[in-house]
Amino acid sequence: MERRDGRRPDQIRPVRIVPNVLDYAEGSCIIECGRTRVLCAASVEDRQPPFLRGTESGWVTAEYAMLPRSTHTRTPREVERGRPTGRTQEIQRLIGRALRGVVDLELLGPRTITIDCDVLQADGGTRTASITGGYVALALAIGRLVEQGAIPHVLRGQVAAVSVGIVGGVPMVDLCYEEDAAAEVDCNIVMTSGGEFVEVQGTAERKPFTRQELESMLALAEAGIAELLAAQRAALGIQA
Amino acid sequence: MERRDGRRPDQIRPVRIVPNVLDYAEGSCIIECGRTRVLCAASVEDRQPPFLRGTESGWVTAEYAMLPRSTHTRTPREVERGRPTGRTQEIQRLIGRALRGVVDLELLGPRTITIDCDVLQADGGTRTASITGGYVALALAIGRLVEQGAIPHVLRGQVAAVSVGIVGGVPMVDLCYEEDAAAEVDCNIVMTSGGEFVEVQGTAERKPFTRQELESMLALAEAGIAELLAAQRAALGIQA
Amino acid sequence: MERRDGRRPDQIRPVRIVPNVLDYAEGSCIIECGRTRVLCAASVEDRQPPFLRGTESGWVTAEYAMLPRSTHTRTPREVERGRPTGRTQEIQRLIGRALRGVVDLELLGPRTITIDCDVLQADGGTRTASITGGYVALALAIGRLVEQGAIPHVLRGQVAAVSVGIVGGVPMVDLCYEEDAAAEVDCNIVMTSGGEFVEVQGTAERKPFTRQELESMLALAEAGIAELLAAQRAALGIQA
Amino acid sequence: MERRDGRRPDQIRPVRIVPNVLDYAEGSCIIECGRTRVLCAASVEDRQPPFLRGTESGWVTAEYAMLPRSTHTRTPREVERGRPTGRTQEIQRLIGRALRGVVDLELLGPRTITIDCDVLQADGGTRTASITGGYVALALAIGRLVEQGAIPHVLRGQVAAVSVGIVGGVPMVDLCYEEDAAAEVDCNIVMTSGGEFVEVQGTAERKPFTRQELESMLALAEAGIAELLAAQRAALGIQA
Amino acid sequence: MERRDGRRPDQIRPVRIVPNVLDYAEGSCIIECGRTRVLCAASVEDRQPPFLRGTESGWVTAEYAMLPRSTHTRTPREVERGRPTGRTQEIQRLIGRALRGVVDLELLGPRTITIDCDVLQADGGTRTASITGGYVALALAIGRLVEQGAIPHVLRGQVAAVSVGIVGGVPMVDLCYEEDAAAEVDCNIVMTSGGEFVEVQGTAERKPFTRQELESMLALAEAGIAELLAAQRAALGIQA
Amino acid sequence: MERRDGRRPDQIRPVRIVPNVLDYAEGSCIIECGRTRVLCAASVEDRQPPFLRGTESGWVTAEYAMLPRSTHTRTPREVERGRPTGRTQEIQRLIGRALRGVVDLELLGPRTITIDCDVLQADGGTRTASITGGYVALALAIGRLVEQGAIPHVLRGQVAAVSVGIVGGVPMVDLCYEEDAAAEVDCNIVMTSGGEFVEVQGTAERKPFTRQELESMLALAEAGIAELLAAQRAALGIQA
């Protein structure tokens, strides 16, 4: 079976990660997965969120937004309705949890690193691209802190994410917008370079799925994420 | 291994579903899972959400809130901060998706059924209890519409949900608040009476989890959900 | 003259107060006045509101909300419009003033007691039921503080409330929703067990009322409140 | 007994009503009660509020605000906190109800008259001055509609309001700010020129009040309101 | 050429400034420019805005609002939409900058002076009238502080403002509402008594303007502002 | 005199405009002025703003936002405070007015073109860069409509903008962030390719400015804008 853009079901879109695209941010990159394009910027601040007061621990959090014309037709800015949508909040909570999954927050010390993921163009998979690119921005910012001697190595590994789903009865990886809109099942999988899961989020959009379909999707995700982890290393100049 | 309240890892809390607790709602119940207690009310309205205009389809949606003193110490009302938290929005989206998973929306016709899940007391698992109890309120409301001859049978089966997690290295089902707060991994699983998944949401809170750990949790969830589906049938007076 | 539900004009609806319905709240009850049902919960916190900083005084405040399906047809949640309605704010200010009317705030010390009144079902008189039930939750919470030796006796008496009105030219007590909607005059009266007034709020909804009509309504209220005070004592296990 | 400003307990402050102070409003006045000064403007619009759609009835509503430097020290604008306070909403609901009490809304036809009461200077009694002055603005606007032949006579009489209270154990009328702040009991009374009540709002601020104290306050209010009704007639050029 | 109200293009409207119209404000006036009427009140507070913490400097800021019936037809209050419009914010930023232009903020010391400009009636030029009148309120408040010996002389001169524009091809000064609505070009000019500019804001509403047209407008503004500066001195009792 | 970055006072920063950077927007570009970088996207929609209903006219509007890490240190998103700041609203009103200054809105027909200007990196002059780049996005979108035969030529010329100011007593053009922060006077000038002004906004930040200083700044702006107009033509592939 061939997909709209000629890919095989187990084939992710071309991925490109350009690091250090901003002059002021402590870490940054643009990640492109097909036509999806996200600007990720890491900001290091010497402050703790209120719930960590009294501890020595740090925090990693994320914010996510889509530029109004990242989409096929213009989407109004969320500031105009006065608050982030439920979808936006759900996504930024997901990105934050995924990145915290590979950081030793105690060693990070009383700092907050905020990863801003701003979607310049959206063709499906913006939340998984934000995690994969967000990791690169985070690693660059942490690398700089380590170089400055401010902190020890605090990263326990890499983390990356991909979408998988069932479209027309066929499990496939890295759905573009059209595939996503037509999918019966939609999953977002976040894994570490250690091969373990940080998040498994599977949702039946049109029909419930079986245990075996879940297994197929997990296998596709594992393979796709391996490629994304390699792209991260390439962008960071790390040898496998 | 024994849990704080004496349960085995594979044992859910005592569940009790009292149907028809409200005089005006088209369907309602109170569900108790241990000390967690949720009031679920179904409201049928002859209107469509804007995005369905021009179709003949109906919609099922859910709202979720915690009463301020459902918690150990008082939690301020969300209306005071002017908007639902990200957590609340995430939960109400989850409940809505889960319930829609067993309803034929086209057959429902141009109606909206809103399931209000108000947590009277919270001891962990409020979102899964809301789904399990919300199904009962929904089924009662739909039963009434069917009796009135307004619609045909639109339910494709039952849906129920349970939490599973890994606490102290041990996979266990139906976490109470204390267990949830200490869990390394936290999953919410939604399944139909047909044995299929509607949602699989697994999150590594403290450490990533392996494929095998995921399998153990899914098995625990399946068994727990079978008991909840039976409790739903008992509350609805349906023979297995 | 007989009322819709067979009551005499001077007869209140059956009242039932179930204390201690919540596990975590310092005081709680469910009060039922006919089909009106309110969950009242008292929360004690060791903090002062900002305007009492620098004093040794405490505070008693109330919050009020109607669950969306407490009403005949579903009422949207106030959080969705971003702020409490004027009606809600007016009611919670009234409940707070009424309860403060029988508490010695100086003796209470630097604490805030919040009474949450959540209407589970609404058939008229929800604000007066909230005051009458709120007193029980408050007394239970204060009783616990006194038992712990944290404070001396700070209650100066009981407080309860009832609605009175003129419907079809006839003064009557404890209006249900239908009577309230049809009333020419609508009053809410709050009195102490000492027979004094804390609030007298009379409003001409359809036609102005005379001094003599006001007198009739006050007399009806006095008798009705006497019964409610007795119901409070029964719920609290106090002998008359 | 003499009051701070030399008045007797039964003496209202000097009242002055200057009609037609605005060029564009359909009716307007400035009312001064001592140092309290309120600008009242009536606006007639050919639209109905949503809840009257489908009827032929009109509506009268009021809005109330205090200019930031109407007070002894500056009060922040409510627009800065994003919404009217509970106090403001309570007051504007009161003014609206009071004015509607003397208007035949069916005869008014499908129109909305909005009475804006903006407090230029506040020394107690701003809500009652708003009602008394608001009536004058309303009567001027209605007079103009009658003159144009647009509507028949729709006013059933005059309406005015005054505060009464108990200060240092003494019932007194028309409290200034200092008296109001020290009062044990605070009442706002709204009466028609027919000698009937539209609103009786009595609140025990510091100690409950007896039936006899209520009677004394009602008598004081009746006499004070008679003077205010005369001042309205003078401003409107009506002979008694 | 003659204007609608008979003025010559270079003629401002009759200006009248009544100082000290409020009892509590540290400085106040009502300024009338034709039918435009603004109440200006200065409030002195012993606090610094957050961004000046750690300095000895003071601040002057302004707030601006239109009463709902200042306009030909009623304009809804901004509090009802939850926030000031962009127009309002732009105007209050302009007034604040203009007034700060003649105050030595360091000498003012750790104080904030807020100038509230509330438009009682609007017939064009409300922002420039607010600046001209706001200066008088500010000078009165500062005069009082100087008299009390709290601060040295901190005013570096006077500041006043006027609108100029091109209407029907003709440059003219001090536009009334109808002229403003028809103008091709609309400018607001703020100048000091030293003959220098604090703000030059020229906007092509209908067609771009040439360098020469700008020069004509600046000349008209200079002459008009000279008259307004004289009116300020008269109101303040200062000899030229 | 030489500036921080070696420029002469009359020298603008290197400007680079890359057109068509987005796949979905009807027109787009990235404009770089030194380190300032803005993504401009034009969206064409077949709808009119409410105030044009009943006419055949179209509208051009703009929205402006800074990405959180466009700045030296991270700036919180405006959506988090629930509304655009006054500064943002002022800027988007300015951009909209500037662009409308060269469009024949009647010929545009019942359409709205929205220009989104999102600042990727900010080093001063973001509002003027947004106008200059916004024009390119607008012209591309209009060019496409003209090609499709949907509208005639509706552009009356080009429009571009630059900042000028007085820093250390020296008038200079195209201020970077550091210069802007230190400027005594700050102006934003918008001009057409016809050599006429659309906006002249001059503000004395630290000291008032003379007529002659204004003239110097206008001359610098004219020369700078000529270069920017040429850069626009190059980006659009138009011969001079």
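Letters A, B, C, D, E and F mark the chains in the order given here, with residues in each chain numbered from 1 onward.
In the analysis below, a contact is a pair of C-beta atoms (placed from the backbone, for glycine too) under 8 Å apart; a residue touches a chain by one contact, two chains touch by 3 or more.
Fair warning: this is a prediction, and the values are worked out from it, not measured in the lab.
Taken together, subunit D and subunit F share the touching chains E. The chains touching subunit B as well as subunit F are A. Per-chain Cα centroids separate subunit D from subunit E by 33 Å. A separation of 60 Å divides the Cα centre of subunit A from that of subunit D. Averaging C-alpha coordinates per chain places the centre of subunit B 51 Å away from that of subunit D. Residue positions 82-84 of subunit D each touch two or more of the other chains.
Within the complex, the subunit A residues that touch subunit F are 22-25, 28, 35, 39, 41, 43, 45, 63, 65, 67-74, 77-80, 82-84, 114, 116, 118, 120-121. Subunit D meets subunit C in the complex at residues 82-86, 89-90, 92-93, 97, 101, 187, 191-192, 194-204, 208-211, 214, 218.
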